[in-house]
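Order as written gives the chain letters A, B, C and D; numbering starts at 1 within each chain.
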Amino acid sequence: MVNSIFLQLLTGLQLGAIYVLISLGLALIFGTLGVVNFAHGAMFMVAAYLGVVISQAEWGGWGMAIVLVPIILFGLGLLMERGLIRFFYTRPHTDQILVTFGLAIVLQEGFKWYFGANNLPFATPDWGSGIMRLHEYLPFLEGFVAYPKWRLILTAVSLITVALLFALLQFTTFGLVVRAGMRDSEMLRLLGVNISQRFAIVFALGVAIAGIAGVFGGPVTQVDPGIGMVFLVPSFLVVVIGGMGSLPGAVLASFIIGLAISFTATIPALANIIVYLIAILILLFRPRGLLGQKGVME
Amino acid sequence: MISDNASFYKKDILPVTTFAVVLLTMPFWFRYIGGYSGLDTKIVIWIIFAIGFDILLGYMGFLSFGHAAFFGTSAYFTGLMLLHYSNNILPAITVGVISAIIMAFIIGFLTLKRTGIYFSILTLAFGEMLHSMVLSTLQDWTGGDNGLTGLPTPMLFDIKMQGDNVFYLTVIVAIVMYYIARRIIGSPFGLMLKAIKSNQVRLEYTGVHVARYKLMGFVISAVYAGVAGALMIVYEPYVASEFMGWHLSGQVVIMTVLGGVGTLFGPMLGAAFMLYFENVVSVYLGAQWLLVLGAIFMATVIFLPGGFVEAGSRIKKALTGGGK
Amino acid sequence: MSDQAYFSCRDLHAYYGESYIVQGISFEVAEGEILALLGRNGAGKTTTLSAIARMQDPQVKQGSITLAGQDLTAMKPYEAARAGVQLVPEDRRIIPGITVEENLIIAQISEPKGWDLERIYNHFPRLRERRKQEGVTLSGGEQQMLAVARALARDIKILLLDEPYEGLAPVIVKEIEGIVREIKELGITTIIVEQNAVAALKLADKAIIMESGEIVYSGSAKEVLESKALREEYLAI
Amino acid sequence: MAILEIRDVSKNFGGLAALGDVNLTIEEGTIHSLIGPNGAGKSTLLNVLVGLLEPDVGTVLFKGEPVLGKAPHEINQMGLARVFQTPAIFDDMSVLENVAIAAYAARDGGYAFNVFETPASAKPCIDLAKETLNDVGLFEQRKVIASHLSRGDKRRLEMALCLARKPDMLLLDEPTAGMARADTENTIKLLQRISDKGGITMVIVEHDMNVVFSLSNYISVLAQGRIIAEGVPDEIKGHPKVIEAYLGGETEE
């Protein structure tokens, strides 16, 4: 009994960890720039492919993948913001949705063209493979309890990423500018801050986090051209449930959803729609989401 | 636009007749531009879908990313009726469309309170919820991943619904529904829908029950999706689970935007273009046709927010401007 | 008009979307001078200030704005701010979600800086007391104080005050009036827009009255203050 | 007879009293002005009246019926129409269409699924729209897209929109803001004509004292969320409290 509850809890956290990594960037970009990025899932997809390629390349390896993929995605994010998104700040939200939706299709189809439509095998590194005998560390567990090591690493990476991002936002000047910019970017401009420059960095940062998600999450999920879209809908729901533009909300919502899926796993009919049910309930009874600020995109 | 003497319906005759003539003569000319029999039927079905979508997006200003929910619901109910009740398409289509209407009332009630991106994301979520229900929760009825197979040949009383018969049926339905759409857009009801897009607050302060108009506009748009979904099953008696998926929702978004929102004519053009592109032009492009289409779509959103219709009027302007 | 004017607007036309708000105005302000920009609601005063601060809206479609030899016309808002323009907006725009002190720090992220925190706190002891508090939880008067302090945290060449007394109780108005007087003594060039015309005119050297986006009177503040006819005709007081 | 009664209405925004214990009675058929310095609470009061804001305490009765808790469209259907400070119109539609919307709403109430309208059945509405446009002097411009109108004409159009709905009472938020003097004069005449012709009660929030004094039958003065003076124009003109409120606590020398 203790064991199964513990394992469900752990699985819930681990599922939540992936959602956090994908939706955090989405929430960050929406909260600061007010842009709904339908191509965010595609960024995850790109990162997962890059992870496969770099980790298996002769010149590469897993260590290289972990370092390079987020950096490349950061660059990609900068390129995307400067080359495309910034022209859409003044256009209606629906246009932003449409153009990023178009970009998502182009990326997805481009990768399908180059890599084929099939799932690419994405092996975990030696140091992250195998299982972890949890009962050896946690005395309250009864008998033999093991968990795939990589999933534990993924959960840890996710938590560390969240911690680092929050520290960046809370304790640095850059973070102060971003937090203030989320609330009133025009006033910041009037105080001499070139906020668009910083927002470009924020956008790239959001995409880079999707990069982390891709390289660490890829071995757990699949690596195929459609994977981005598979994760896009739930991560949007995470952002909506948590409250548009609220990062703590996104984290909270991710874990709630992860746990809900994990604990309903024995009832497949429910497990597949639990995310939607939660989203509908939240939106009916608390339209601004769990931790959404009053008046922000309500 | 309302003219002085309020004779705003006479204007419908010419476009509807043209539309009818173009569609009815399709079997005679379509093959000369690389089309084949069957594709024309599919184009007409998608045209119906796109007309309804434009009422919602182009006139009312709501971008739904979950319209597959209505297309799919209707398709499934039509399929189930054919399978379990009777192979006559009349009761099947009726039940299919009614199911889409009921679904639209539920989803519309829950999503229309929000506007803009919220509405888009919510409709996407509802659509995907139904999709995953079809795949898992309800798979005993829907056939899950395999879809609904083994449907009998649809009949309209004694007439087998195959080939040309299906084509002419869909064309007649399309003409009627295009005419109705024009009437709706030209009516006071349509004026209210446009007013919602223009200034919802002012409309409320003019004493108009905006929420009811929005719901009705949404349901009307779902009726078009439902009719299209039902006709798709008559055309090809097999219900694919993709009929419920976001891909289908995305497709109708793409064709409507490509053609030019808020014009009725544009989305029809967009639907025809997209299917022609997918089935005829793709032969030259290979598997990358969707990549090219995605790029065309992006370019349209960036440079031509008014779609083909805007392109047309720009060209016309340039030509008449140059002719001076 | 002379070319040497410290600050000048020439033939300025500004639009909100298709609405033509500021319809070709020209005026100058000398260094250290205070200009009162008066007129009824909707006359285009706030739009003029927003245009000078180079806000995204309104769009300036014609005309030029120069400050101390720099052409502001094509600048972005942050560039204008760096060139020495500081707007204290009508609704004060204290940034929510961050503290009083952070609201001040944020003004000092880009060069050139003005007063440091110590000097600000010495001048506004009330802000020191509340520096850890969220800025928007301050009272109206304190928020106005913070808004002015935030502007002083930058190196100001011209200060734009939009309705500094709006919505404040008379006692608080007195207090803010004191602060504006100090600004005058510091010799900071200022344009002040105020509904309370008498209060603004007492501080100002020059006055401009706008109506429907055009300047209908331009002259000394004293003249407006003393001429009952002028006031009745243009300001309805 | 009182058409609108406001009883003990208070509203706080984050500890700041925007309205404190406001009591106000508007007589039917009058033009009643609300004046006061910026931030006095006039807009807040107006928002309470049209259902945009819920007050913390108090009641508002329109023709004896409570207004509070009703949706904006219901309040409008009771006969209470509002003209906004920045003209709220249907920007991308023609002038005639703008007013036709209101005319249809007047005929059909809050909602009607009248998709199969015929030219004959639509005619009375179109005629009403044209007549109303004629009343406000916009008939010639009926085919112009609303966003192309001048600011004064936009305001006129918004008034036509409200009038076509045949309200009993019109709330006007600074009807002459941003207008040149000639336009202001025209607006005063227009409002006077509307009031004389239709017997429509009007509540006007206005800064321009010329407008206030030439139009109003009755004036209420607000300052800091409270009514500090009430009376006919002549009483208000010399009222010391009013002068004080306007001049920031100092009487002029």
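Everything that follows uses one rule, which is that a residue touches a chain if its C-beta (ideal position, glycine included) is under 8 Å from a C-beta of that chain, and two chains touch if they have at least 3 such contacts.
All of these numbers come straight from a predicted model, not from anything done at the bench.
Asks: What's the farthest chain from chain A if centres are computed as the mean of the Cα atoms?
Replies: D
Asks: Please compute the C-alpha centroid of chain A, do the same for chain C, then give the distance between them in whole Å.
Replies: 44
Asks: Report, in whole Å, the distance between the mean C-alpha point of chain C and the mean C-alpha point of chain D.
Replies: Comparing mean C-alpha positions, chain D is 31 Å from chain C.
Asks: Could you please state the distance in Å, as a whole number, between where the Cα atoms of chain A are centred and where those of chain D are centred?
Replies: Their C-alpha centroids are separated by 50 Å.
Asks: If a residue has to touch 2 or more other chains to count, which residues of chain D qualify?
Replies: Where chain D is concerned, no single residue meets two or more other chains.
Asks: If you look at chain A, which of its residues touch at least two other chains?
Replies: Residues of chain A touching two or more partner chains: there are none.
Asks: Could you list each pair of chains that touch, in label order?
Replies: Every pair of chains in contact is listed here: A-B, A-C, B-D, C-D.
Asks: Under the definition above, what is the set of chain B residues touching chain D in their complex?
Replies: 1-2, 4-9, 180, 183-184, 187-192, 194-195, 198-199, 201-210, 212-213, 216
Asks: Mind pulling up the chain A residues that touch chain C in the complex?
Replies: Counting only chain A, the residues touching chain C are 90, 173, 176-177, 179-180, 182-184, 186-195, 293.
Asks: In the complex of these two chains, what residues of chain C are touching chain D?
Replies: Where chain C meets chain D, its residues are 17-21, 40-44, 137, 139-140, 163, 165-170, 173-174, 195-196, 198-199, 211-213, 236-237.
Asks: Using the touch definition up top, name the residues of chain D that touch chain C in the complex.
Replies: Touch list, chain D to chain C: 14-16, 37-39, 147-148, 151, 174, 177-181, 183, 207-210, 224, 246-250, 252.
Asks: Under the stated contact criterion, what part of chain A meets chain B in this complex?
Replies: Going by the criterion above, the answer is residues 36, 84, 87, 91-99, 101-103, 105-106, 108-110, 112-113, 229, 233, 236-237, 240, 244, 268-270, 272-273, 276-277, 279-280, 283-284, 287, 297.
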